[in-house]
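Shared chain: subunit A. Partners: subunit B in the first complex, subunit C in the second.
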Partner chain A sequence: MFKLIKRNYVYNEWFWAYVFLAVDLAWSTLFLFYPMIKGVIYSFQDIQLQNISNPHFIGFKNYINVLTDPDWWHSVKISALYTLGVVPMGIIIPLTISLLLAHFRRSIRDFFKAAFYLPGVVSAVVMAMTLKWIFDPMAGFMNWLFSLLGLPTQLWYSGTSEALFTLILMNWLSSHGFNILLYSAALDRIPKSLYEAAEIDAASSWRRFWKITWPLLKPTTLYVLITSVIGSFQAFGGAFFITHGGPMKATEFLNYRIYVTFYQFGQYGIAAAMSVLLMLMVIAVSLLNFKIMGSEVEY
Partner chain B sequence: MKRSLGIVVALLLALVIMSSALVFASTDTITALLPFRPNTPFGAYLGQVFNLFEQTHPGVKVKWISGGSWGDYIKKLGTMLGARQGPDVAYGNANYLFVPGRGAGLASADSLTIPDKYFTKDERLGMGAAVIGSLSIPGRGIVVWPWHLYIGGISTMIANEDMLREAGFDPNNIRKNGWTTKQFLELGSKVVKDLNGDGKPDRWLFYPVNSDHMRIGIFPIYLSKKRPLEEQWTLDYFFDTRTGKLKDPELLHQAFQYLYDLVHKYKYAPAAAVSKSMGDASDAFLRGELAFVANGPDYLSTVKEHNRLVLEGLRKGKVIHAGVIPMPYLDAPDHEAIRPGLAVYGFYNFKQNPYKGDEHTKHVMEFCDFITNITFQPILAAEGFMSPDRRLFATRYAMAANLYNTNDPSIRYWLNDMRNNALPSFSQYACVGFTKAFRDAKGKWFGDSFIPALEGMIAGKLSADEAFNRVKVAAEKLPYPRVNKDKLPAIIKSINQLVEEEKEESKMFK
Partner chain C sequence: MNKKEISEEEFLKNLKRTRLVRKIISGIFLLIVIIWGVVSLFPMYWMFVSSFMWIGPSFTMRDIQWFPNPPTLRNYIDFFQLNAPFWIERRPWQRWFLNSLLVALIPTLSNLIFDSMAGYSLAKLRFPGRNAIFWAIIATMTVPLFVPLIPLYKMMFDFHWINTYWALLFQGLAGVGGVFLFKQSIQTLPSSLIDAARIDAAGEFKIFWKIVLPLSKPILALMGITGFVGGWNSYFWPYLVTNSSDMFTIQVGLTGMMGAGAMGIPPGVEAYGRSFAGAALAAIPVIIIFFAFQKYFVKGITIGALKG
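For the complex of A and B:
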């Protein structure tokens, strides 16, 4: 019997593939798929703090409530503006730095890559608190610098018009380490022979960038674009740790709104519907990115 | 040989597994949800008490579930209870713990410097009864002991008394006689200063941050109006429980204007602080940059710790003399001093749902008894909690009164009363009185309209008129019907009955 099992399964690589996959699948099912499915079910239920033990199905009512709520659309606008502010710079800054680093010798490159990546390993809370101090409107480093330069001090995250831009600025200053690593690795993979051939043909550096570097970096750019869009639509830390969604809801991102709806208002069903809508939006935007960028990607 | 070795290993393994299973099976775990962090002085003390309990009660473990901030703590507790996974013991006052009883009522002010002026004779006499009243709630387990008196942050502020004295105000006099918003403004003119000569103030009256902007800016005007007792006790500050409409819109408008003036006209509070947190305000207070924060009296222990660190050279800064000061009130004929509300805090033992068995209940009761043991009395007294005699009384008679079957007539009266009449508190009545749709909507109104309008006004984006109009218009849009009319007569009847009972009961303690 054992021999039969052994003959049929033990030496079958598919068997072992499934065994190893099963561990990951079980993990994902427990901590990813189950909560996701549960969240979708909640989104069709009237479930609140007061009746958490006794939820009941109400069809699409939660979705209708969310989609007819002007505050939801305000948060969509804030998240979209944040995405527009963050994503392009999330490509331009790391790409520029990586291109600059490419001119240095390896040890220097490695030092700067580590230095740029360092903020990524710092706890989000520490990072937020540091940035909060830098941009403190009353006693922050930036306003001290502005005063020193004779410039008018700013309200930064305390201004209704400035708060969103301040959070975008904080992102520009602090979150490019990983993308720099990606771009640096991608640049290293571009064959030197292509540049040498272009040089022989007297191509300018600008032309070399557009004809060689940029097309060959497109898979990396697509990846950075999609992860940045997803990340910025799911922005939360800045609003939670620094502005609390304010002032006057100026930084109330979608994720922060979901948090408030869930924890502050105790409206779990509505918060779940919001989460599902956010997920659909992220999928739609990602597909759009694939559609636009994916067709031109040269692998 | 190999076979023998295999048998020995198998037996040893089986023994280990069986003994582990036995140990596991014989360990009963008591879950305690607490808002204290173990690294705070009181948290460390409680940790020691819990360890001692475990040592003296083999087989019983205490699982400390940390609740985080107060807000997170309450949310966590609600979620746990809703999911039928409530802790055995939680800390808090009755209202916080969702108890449909009259807990968290006025407590004995013996250990606090609350002047007589804020309480009527009957109320003072009734305080003893209210303390006991908060102890035993039928059908929902018991509150173990009222060991921590807490002055409601909504009606008081923590003041830097050095600044008050420097400005010519006597904190004791304010506590004794109260003070008006006019005096508060006068204080502002003396406290707010540019100390380093850079043309900008370095000292402020307060930070207009969540929720100090409400407590120091709005409530002095809005809450000082004389109102019927049941309206004062409903705890719904903005909506009339009889009609569901915004109560006193003109007064609320005036309160908005008052806060606007504090920030923009007088510049006693910095507009740039609008996005700061209450933690920032508390830190600024310790740095000596603020005259007031709207914290509760527990913050005084933080100040005390700050002073210790400063005196021992472990922290830079100045020693700060802080104290609880009542909120100022509007100096107008139909207004009166806002009475500081006192809440009784204790450990609350929940009715088990589902029931975890007699053995577990016994352990929980032992645990409750243990943490109220007189052994720990000096430590509690040193920490400024309630006086020993009262605690002992509360523990032995009130805490376990329904277990001890006491013959004390007053206790028996309370027991019977509590056991037989599960009367919700006024705030609970208010919740029942409003329709569910309105309750949901008004919570959202506060978060989505009220606070943003207030922040917009503080940030200088909106005038007081504009901010108030936004709030008013949003309130008018809330759904109707707002009041559950079928229940309203019974609710009002019960409220009046409770008021009468309160009077009756207070007589028992004369």
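For the complex of A and C:
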């Protein structure tokens, strides 16, 4: 008797679990899972806008096409350089600022945290537009400031050799609010008793940082590292809004190349192969990060 | 040990000196923090200031001022095309803001409902396939945007949804974005409450509606606010699936005004003025929301990032 009730109850729970999941699963299947699989299928097909009704399988031809294209490797290089330029500062700046903030009263801290986070709620379009205007070579604020200080004016994003660095610089200036909050929250969670013990042992503040703060912040640092590597390797907005991948392909990020291949040239198969390759690279880089940093982190 | 005896007087002197040094150090710290605060807020200041600055075709560095003197509303008049000649085609800015509002509100609201339901199911109900579904959701978070985007875009074509609200709104009515956070949050609710309600023979919907949702108010608020801001700020999907300007959102309209994208023609400096008027108007709602619900943004970070 009891068994019967129990089985009935379990059956009910299954039923309701799927009812609650139904809409979400239906939508994700139709608009996310299915397109994802389809995207991988596209990468093995000859499918393009000009010939959209007649796709057919061509094996690895798209991949071979992409991997033998020097422009693709150029984009890999550009994205890798951008990542190398962006990621270290993306850890150093938020960490420094939140360590400095930790010295102040709660009210001061909250005020500055809000100030640092505020630019992050404004849309990427507005931010990119503003940064483009600030770095405008003819009429921009930066060149005005440079000439006030007696420095030579720069070409910024319109110079072939400066453009990539300018986008890196824009990132340094504009995107740390979230990670500052993250580090501050992590610092708040470090028990004060650890520092008191260190004080009794007369440990220098340098030692205190490397022996207490840094190891305990490792999980946060790992999180910041992985998200910012993934994010900057897939950088897009700077090229889309500001440079159009130029000048002379100097800022043609991987994602921008995929976008142009897909949206401008309508070569869906090749663009799909590119995005699958990008996915593999992102997975590889994240695993590598985990290996390097993760071995020492305890969760 | 090289500790030596020191007199009381010397000790007090040392203490005073240490205090002074500490004060100087924290003064330097404050200065660094203030400088960095000014640097990171400067772009927003400059955006608002530029929207009140007259930027003509011959504008150069020499015309730059810290604050426009005198400030002018001309950019706003230009953005709204208040005194444009009658034969010029109007910029449908009302539609842009309306569309942005729809994109920010409707998918967010329906996602709140469906994601919380899915989150509840994954957190508190036992059924076969639960782990598989959960891991499928996690895995999708690491897949680059363009993998599903290209087929999805073609799907919109096949459905004849390009340039319609079906593409803008309908395809985003439910998804996996919030499921993870809802699951994490609902998991922390005591199961005994739910079991007690089940013994009282309450239906699953009643349990969800009367017990789970009221206890999930903080996460609902958080997801609602961040969802609204995210929807309002989204540009890439609306940019891809719209092609007539009355279907644009404000972000897509601004994208067009500054000639972004692969096919855009970069405009001259004179386009900046009216673009900044639009940008300021697009930024004000999210800034207000940020100040009104500040604590939720901060909370969202601690819930979202470090529960792994």
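Note that the second predicted complex is superposed on the first by the 268 of 299 C-alpha atoms of A that agree within 3 Å, B and C clash if a C-alpha of one lies under 4 Å from a C-alpha of the other, contacts with A are read in each partner's own complex, and residues count from 1 in each chain.
FYI, contacts are C-beta pairs under 8 Å (C-beta built on N, C-alpha and C of every residue); 3 or more make two chains touch, one makes a residue touch a chain.
Predicted, not measured: the structure shown is a model, and the values here were computed from it.
> Looking at the superposed three-chain arrangement on subunit A, would you call subunit B and subunit C a clash or a fit?
clash
> Once the shared chain is lined up, is A:Ala163 touching subunit B (first), subunit C (second), both, or neither of them?
In the superposed model, A:Ala163 contacts subunit B only, not subunit C.
> Going by the contact rule set out at the top, does A:Met127 touch subunit B (first), subunit C (second), both, or neither?
second
> Figure out whether A:Leu101 sits in contact with subunit B (first) or subunit C (second), or with both, or with neither.
After superposition on chain A, A:Leu101 lies in contact with subunit C alone.
> Who does A:Trp27 touch here: subunit B (first), subunit C (second), both, or neither?
It touches subunit C, and subunit B stays clear.
> Tell me the contact category for A:Gln48 with respect to subunit B and subunit C: first, second, both or neither.
The answer is first: A:Gln48 touches subunit B but not subunit C.
> Which one hits more subunit A residues, subunit B or subunit C?
C
> What is the contact status of A:Leu155 with respect to subunit B (first) and subunit C (second): first, second, both, or neither?
Only subunit B; A:Leu155 stays clear of subunit C.
> Touch check for A:Gln264: first (subunit B), second (subunit C), both, or neither?
both
> Answer with first, second, both or neither: which of subunit B and subunit C does A:Lys249 touch in the superposed model?
After superposition on chain A, A:Lys249 lies in contact with subunit B alone.
> I'd like to know which partner A:Asp71 touches here: subunit B for first, subunit C for second, both or neither.
It touches subunit B, and subunit C stays clear.
> If the shared chain A is used to align the two complexes, which stretch of subunit B, 130-138, 166-174, 184-192 or 274-282, clashes with subunit C?
274-282
> Which subunit A residues are contacted by subunit C in one complex and by subunit B in the other?
52, 138, 242, 244, 260, 263-264
> Across the complex, what residues on subunit A touch subunit B?
48-53, 71, 137-138, 155, 157-161, 163, 242-244, 246-249, 260, 263-267
> List the residues on subunit C that touch subunit A in their complex, please.
26, 29-30, 32-33, 36-37, 39-44, 46-47, 50, 55, 59-61, 63-64, 114-115, 117-118, 120-122, 125-128, 130, 133, 136-137, 140, 142-155, 171-176, 179, 204, 208, 229, 232-235, 240, 251, 254-255, 258, 260-264, 266, 269, 272, 275-276, 279, 282-283, 286-287, 289-291, 294, 297-298, 301-302, 305-306, 308
> Within their complex, state which residues of subunit A touch subunit C.
Within the complex, subunit A contacts subunit C at residues 10, 12-14, 16-21, 23-28, 31-36, 38-40, 42, 52, 93, 97, 100-101, 103-104, 108, 112-119, 121-134, 136, 138-141, 143-144, 147, 153, 173-174, 176-178, 181-182, 185-186, 219-220, 223, 230, 234, 240-242, 244, 255, 258-260, 262-264, 268, 271-272, 274-276, 278-279, 282-283, 286, 299.
> Considering only the defined contacts, which subunit B positions touch subunit A in the complex?
Counting only subunit B, the residues touching subunit A are 72, 75, 78-79, 82-84, 210, 270-277, 440, 443-444, 447-448, 451-453, 455-456, 458-459, 461-462.
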